[in-house]
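In this document, chain identifiers A, B, C and D correspond to the written order of the chains, with residue numbering beginning at 1 in each.
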Amino acid sequence: MPSAHPATEPDIEIDLARHQACSAAERYAEVRGLTELLARPLSAEDQTVQSMPDTSPTKWHRAHTSWFFETFVLAPHAGGYRPFHPMFGYLFNSYYETVGTRHPRPERGLLSRPGIDEIAAYRRHVDTAMADLLTGRELAPDVSDLIELGLHHEQQHQELLLMDIKHVLSMNPLRPAYRERAEPEPSSRPAPTWVDYPGGLVEIGHDGGRFAFDNESPRHLHYLVPFSLASRPVTCGDWLAFIDDDGYRRAELWLSEGWAAVQAGRWEAPMYWFRDGPWQVFTLGGARRVCPTEPVCHVSYFEAEAFARWSGVRLPTEGEWEAVAATHGRVSGAFLDLDILHPQPVPSGKGLHAMFGDVWEWTSSAYLPYPGFQPAAGAVGEYNGKFMVNQHVLRGGCCATPAGHVRSTYRNFFPPVARWPFAGVRLARDL
Amino acid sequence: MPSAHPATEPDIEIDLARHQACSAAERYAEVRGLTELLARPLSAEDQTVQSMPDTSPTKWHRAHTSWFFETFVLAPHAGGYRPFHPMFGYLFNSYYETVGTRHPRPERGLLSRPGIDEIAAYRRHVDTAMADLLTGRELAPDVSDLIELGLHHEQQHQELLLMDIKHVLSMNPLRPAYRERAEPEPSSRPAPTWVDYPGGLVEIGHDGGRFAFDNESPRHLHYLVPFSLASRPVTCGDWLAFIDDDGYRRAELWLSEGWAAVQAGRWEAPMYWFRDGPWQVFTLGGARRVCPTEPVCHVSYFEAEAFARWSGVRLPTEGEWEAVAATHGRVSGAFLDLDILHPQPVPSGKGLHAMFGDVWEWTSSAYLPYPGFQPAAGAVGEYNGKFMVNQHVLRGGCCATPAGHVRSTYRNFFPPVARWPFAGVRLARDL
Amino acid sequence: MPSAHPATEPDIEIDLARHQACSAAERYAEVRGLTELLARPLSAEDQTVQSMPDTSPTKWHRAHTSWFFETFVLAPHAGGYRPFHPMFGYLFNSYYETVGTRHPRPERGLLSRPGIDEIAAYRRHVDTAMADLLTGRELAPDVSDLIELGLHHEQQHQELLLMDIKHVLSMNPLRPAYRERAEPEPSSRPAPTWVDYPGGLVEIGHDGGRFAFDNESPRHLHYLVPFSLASRPVTCGDWLAFIDDDGYRRAELWLSEGWAAVQAGRWEAPMYWFRDGPWQVFTLGGARRVCPTEPVCHVSYFEAEAFARWSGVRLPTEGEWEAVAATHGRVSGAFLDLDILHPQPVPSGKGLHAMFGDVWEWTSSAYLPYPGFQPAAGAVGEYNGKFMVNQHVLRGGCCATPAGHVRSTYRNFFPPVARWPFAGVRLARDL
Amino acid sequence: MPSAHPATEPDIEIDLARHQACSAAERYAEVRGLTELLARPLSAEDQTVQSMPDTSPTKWHRAHTSWFFETFVLAPHAGGYRPFHPMFGYLFNSYYETVGTRHPRPERGLLSRPGIDEIAAYRRHVDTAMADLLTGRELAPDVSDLIELGLHHEQQHQELLLMDIKHVLSMNPLRPAYRERAEPEPSSRPAPTWVDYPGGLVEIGHDGGRFAFDNESPRHLHYLVPFSLASRPVTCGDWLAFIDDDGYRRAELWLSEGWAAVQAGRWEAPMYWFRDGPWQVFTLGGARRVCPTEPVCHVSYFEAEAFARWSGVRLPTEGEWEAVAATHGRVSGAFLDLDILHPQPVPSGKGLHAMFGDVWEWTSSAYLPYPGFQPAAGAVGEYNGKFMVNQHVLRGGCCATPAGHVRSTYRNFFPPVARWPFAGVRLARDL
């Protein structure tokens, strides 16, 4: 049985090619600079608030990503490095048990100090030391790997920064915008089509070439029953039909735990939707009308799963998603670089749309280790493996993901109840 | 590639053969009678208490299992059936949303009425009507199927009744026994050995012959990497070594959510263990010393997973477990019929021990639908599918499971934090 | 300035006279027997349930009152007394810190053992030892005082037993009766009248003669502004007018904390009222229509206070209440002995009605020590003083209070949010 | 019996005299300016954080006090006034139900917008309109009264601003100072003496002359038993003896609810004390060693009451406190104007010390209406009366109270569990 895995992923390749052309120092500067760029529209007050235990203040993200380089790269590998502040190791460790105790996560919003200026200084302090390191003698491979990891880590926090500040701003009755954005031109809503896949034994997981997180390995065989994947994500228009058909009021459509969440949270629509006459949605560009041809966003796994049941079909497994993503060539979608900060209306052309970018796509797969999985050695081994329970895998990236950060094997994960990620739905069905 | 699935499962077959020799009425009477037998050692007070939202009072189990037959068999299919009490449909519906509203689960322990005598009368009322139905004209296949489901449902509640009353009694500082049991003869602790399995494409799931729950279907192909399975469950002696090696105090051994559970629950040992000089364990036979050669029991998935990491190996997937269980012939183990109500010391012989009975075995597999899964039609379709999130699969049955209730394809499931099931650990490793 | 305090309280005197005619052993037997009489209509299941942390199971009351005699009388003062069970001191201590650790209050409903038969045996064991003590040589005054305290303590628990089982049964959708009672004959609703009091310096508190709790002492001077007291308690008819005038929906009528309680508890009427067409009320005799001429019962201090504000008047202070109660002669009212277990309709005659019995009357006085208050010596000093914060005083007794238990100086107390006591309202106003 | 009330309160008079010399516009500008002065050392981040539901962000205090003038003075009484922002009425209403809905109190810390610059603009907008009003034609007396109330309201929030920011900064492991302050010169600890008071009928409450809050009225007769008041507040040195004598570990010293608070909060010392070798205390000037001659501060009513019991005496009632305060002439103490932001060491001279200023003094009196109390008319009637339950009265003012704000009849109040006010203890005893 031939492997269903493709030789190349051209569009992502291009992006990576650009990165590979950069020097390590240039790439470091570029990634670090983007974080500061994302924080720039935010006031000192904006950067301080923590709206729920799951979110972190903007200034915490800025500090924590610096702490990562300080702790895992500079302290052990840059001779004579002087930590910026003796308490920052305590304040800005997220969850690395082996590195020591840390400030409690739900209390990050209680820290008015250090202020944003001191955090900017902290970032410069780390960046200066990193620049020295990166432009000095050649680095040992393990150090280079840690830096690469640190940059991917920072990219993840760039997306988190946007997810989190969106939630913070949404709690404000003034509904302030992060940045004003133009309203989308609503496309004509494309009819949903199905893309078939023959199934069989496929290889799944990262093949060990370019950078990948440990949770994407090892590459392994996986058997798939024949199936079809929807050509595009579920749109807001589709979702309005679900709402109008009492989707949020019919217990039989929901997982038991999902139904409990509907009732406890009084869910009636995706997160950030609200009624003001017609349905409105709060975006990073402020509140505006729901656009029916945009992919629906900010739904939980529970909602995705209920929507699929209501539709008479199901969600894809992560294996199915990856097999399809790997066999299709250039797939388009909005990443952070497009700077619209919201999923864009689906185009009306043929073929698969928006597999990458726009919205993360919930899969029916629980987030579990691949056969033979081994976490990375050392403290950075706490990166992924220890979260492998009670979460579901999402695939593909979103409009807040830095371009070049994802690939077809990339595994994002969140608890089924989470709604603040930029998460949407792509349907699948058995053939 | 040859299928690794065996032709027969002899020991379970024998048991089923006995059942098939029974008439339906005899089988009904036998299962229903066992429930009452299990309740007999319990006082009215014992049968009333609910020790936590997860547990139910004994008398509630007795009533709910009767409600199942009343609601799904008698009301629709027994002409002229008169329900025992107009409110019992409300009081004893567990979670069937399509059947109507119901009494809140956490408040089951607030119901002093109906008392145990009225519940006994309720059971007799239902049994009389069922006897009429079962001895009358031949039943339509769908009705027979519902009765079969009702009996398997009742068997599940027999195990739950014991799990729950154990928890109830354990909350009492007097540590009362459910029934006095003899202390086990400690066996010589057998050295753990590994049973290898070649992997490859196997068929998993129920083949559609005898009764099975909907969640065991459809039978489907599944690819396995070569692996080994431990010859016996982890014992209390093994677990003492884990405790002594600070297993409950080393964050790096635990899933993040598991570590939070350790701290929130102040876990230091399996549930029901306590120190009184040496480690003691509360059993359905009262408190006694921990026996090192017994399988460890009442551990959560989090503990099972941490133990496996500490051991340098891992838990099996449910596919691995099933593939091995199906290829091995007669496998021994203690079921409820053995009436020791506790896992028995592992024997010292060669080969696989206690795959069935003694303790349920946590697998690393999240409880998810098989490819092509369809819930049963109607209200009984709420039986399994709607719980397919945030749970892990356990396999094999336990000392509180009625004999004949399980099979190699049987999928039990609990949230990873649950400790009150009779759940233990069998290790696996990559080859 | 003359003292406003009267020479005698005739009606209560009569009752006490009867008690004084009894021997100590007879009085002990009578009080203890009443507890068992009150438990008799209750099944083993009824006696086991704890419906909220504030309530205790019937069998716990039966055991705890016995523990009181065992711990404070028999163990120290009856030579050779053998405690019934080594663990009962732990299980049935309510809150006496100086006596040792104890079973957590919210877990009293988790104790299926000891069962009601064993508790009956416990009571007999204590009663036999007490009978020996009471019929032996003359007791030292401090021992007699402890026994007297123990009997008053048991009388308090008789009322609590009824309050608590009413709450337990009310949680059951079957709405079972404790004992069937006849419906009241509704009286013609008497017009409310006001009884004036001239104010001035009065003496308040117990004068040291017959038994009183430590919190009623010392007797002390207290200055009163002239005021009037309503001739009768507020009736259900009065309350219906409050409800109909949106009393439960107008924030301006409520204390801030009371309004929060209304919203959190979704209060719309007194506790135990429910709509089934017209307003119904759950009583110890089962559910029946609200009777407009009955005193309203099971309202919190918050509700009493809001009702008074709505009425344009106020609640009395405990000093006002006591001054009036002491100057009026025979005042009628329903106590437990009348066996109607519910406040009776107010009569239409002139003068003060139901100052004693029927419903406890919330006062605007916080429960605080009198000037010069000293708690009783020893462990029984934990009886009253340590609760003197965040509670309000109620006066007069209720239909579940044993006759002869209360007096004009008696101070009952509950948190302002409590609704399960038999508590009602008598209004007052400034002259 | 002669009234015990004095003719004058000289020291407070002086301060008031200064205020009376001011024009209304000058006084307005002075009070409003102080608020801004207090906020000046705080960064935008500092001003945004809410550390618990009881505290409010600094910028919220700045806005809310402006909203008070906007809502109660400008909108109804300044023709053509244009509110600054249509949503600020919603965002900055604290608890006035009659004014409309409002932003939930526990979510004040989620509002990053409006930022501190916009709030400064809001204050200027209100101040400009107020200046016009105050310098225009003569104001009607009810408008003047509302302005006077608004200024006293703002002074209360000046103290709250400091209390709250102290709590906010204390949550930060960096322990930042609000403003650096010099360490105190420890005085020689003065021996505690007692000041006797003969008791009898006294007049309590405000006599209707200068401004007072509604809860200080009406002035009324009150009978006092002879008593003594301690000459000075309890010091940290006194408190260390309590701690060393296991004061926080002996249940018998505590009210029942207080003991529960000790255990739930793991209290071992006053709030803001921590061990770092010797006992340290976090102050608005940063952390430093506990000074034994300073009045103890940041203790709850529960702690005050337990300390008094341990000392063999008691707390004063508010009537006792007021009677003494009124008969003594000039009494010294540190107010906000002294700018030490912490209670100062007690002096060693004779007589009463620090009755006013330094620390609020818990009284044993529950916060209840005086006989004949009537709340102010209109929405401002929600100012005091609706909190009259489950709180205790504190008297005298503290080091964060603006000078001139308090008087001998002033009634402050907090729940017994509150520790973040600048609250201490003065003992009393019966004669």
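Note that in this section contacts are C-beta pairs under 8 Å (C-beta built on N, C-alpha and C of every residue); 3 or more make two chains touch, one makes a residue touch a chain.
Keep in mind that what you see is a predicted model, and the values were worked out from it rather than measured.
> According to the touch definition, list the chains common to the neighbour sets of chain A and chain D.
Common contact partners of chain A and chain D, which must touch each of the two, are absent.
> Among the chains, which has its CA centre at the largest distance from chain C's?
Chain centre farthest from chain C's centre: A.
> Find the geometric centre of each of chain B and chain C from their Cα atoms only, then give the gap between the two centres in Å, rounded to an integer.
So the centroids are 48 Å from each other.
> Centroid from C-alpha atoms only, then distance chain C to chain D, rounded to Å. What do you get?
Their C-alpha centroids are separated by 38 Å.
> Between chain B and chain D, what distance separates the C-alpha centroids? Give it in angstrom.
Each chain's C-alpha centroid was found; their separation is 61 Å.
> Over in the complex, which chain D residues touch chain A? Could you list them?
Of all residues in chain D, those touching chain A are 43-49, 51, 59, 87, 90-91, 103, 107, 109-116, 168-169, 171-174, 176.
> Along chain B, where are the residues that touch chain A in the complex?
Going by the criterion above, the answer is residues 95, 97-98, 201, 220-223, 225, 251-252, 254-259, 301-302, 305, 314, 317, 364-366, 368-369, 371-372, 382, 386-390, 392, 416, 430.
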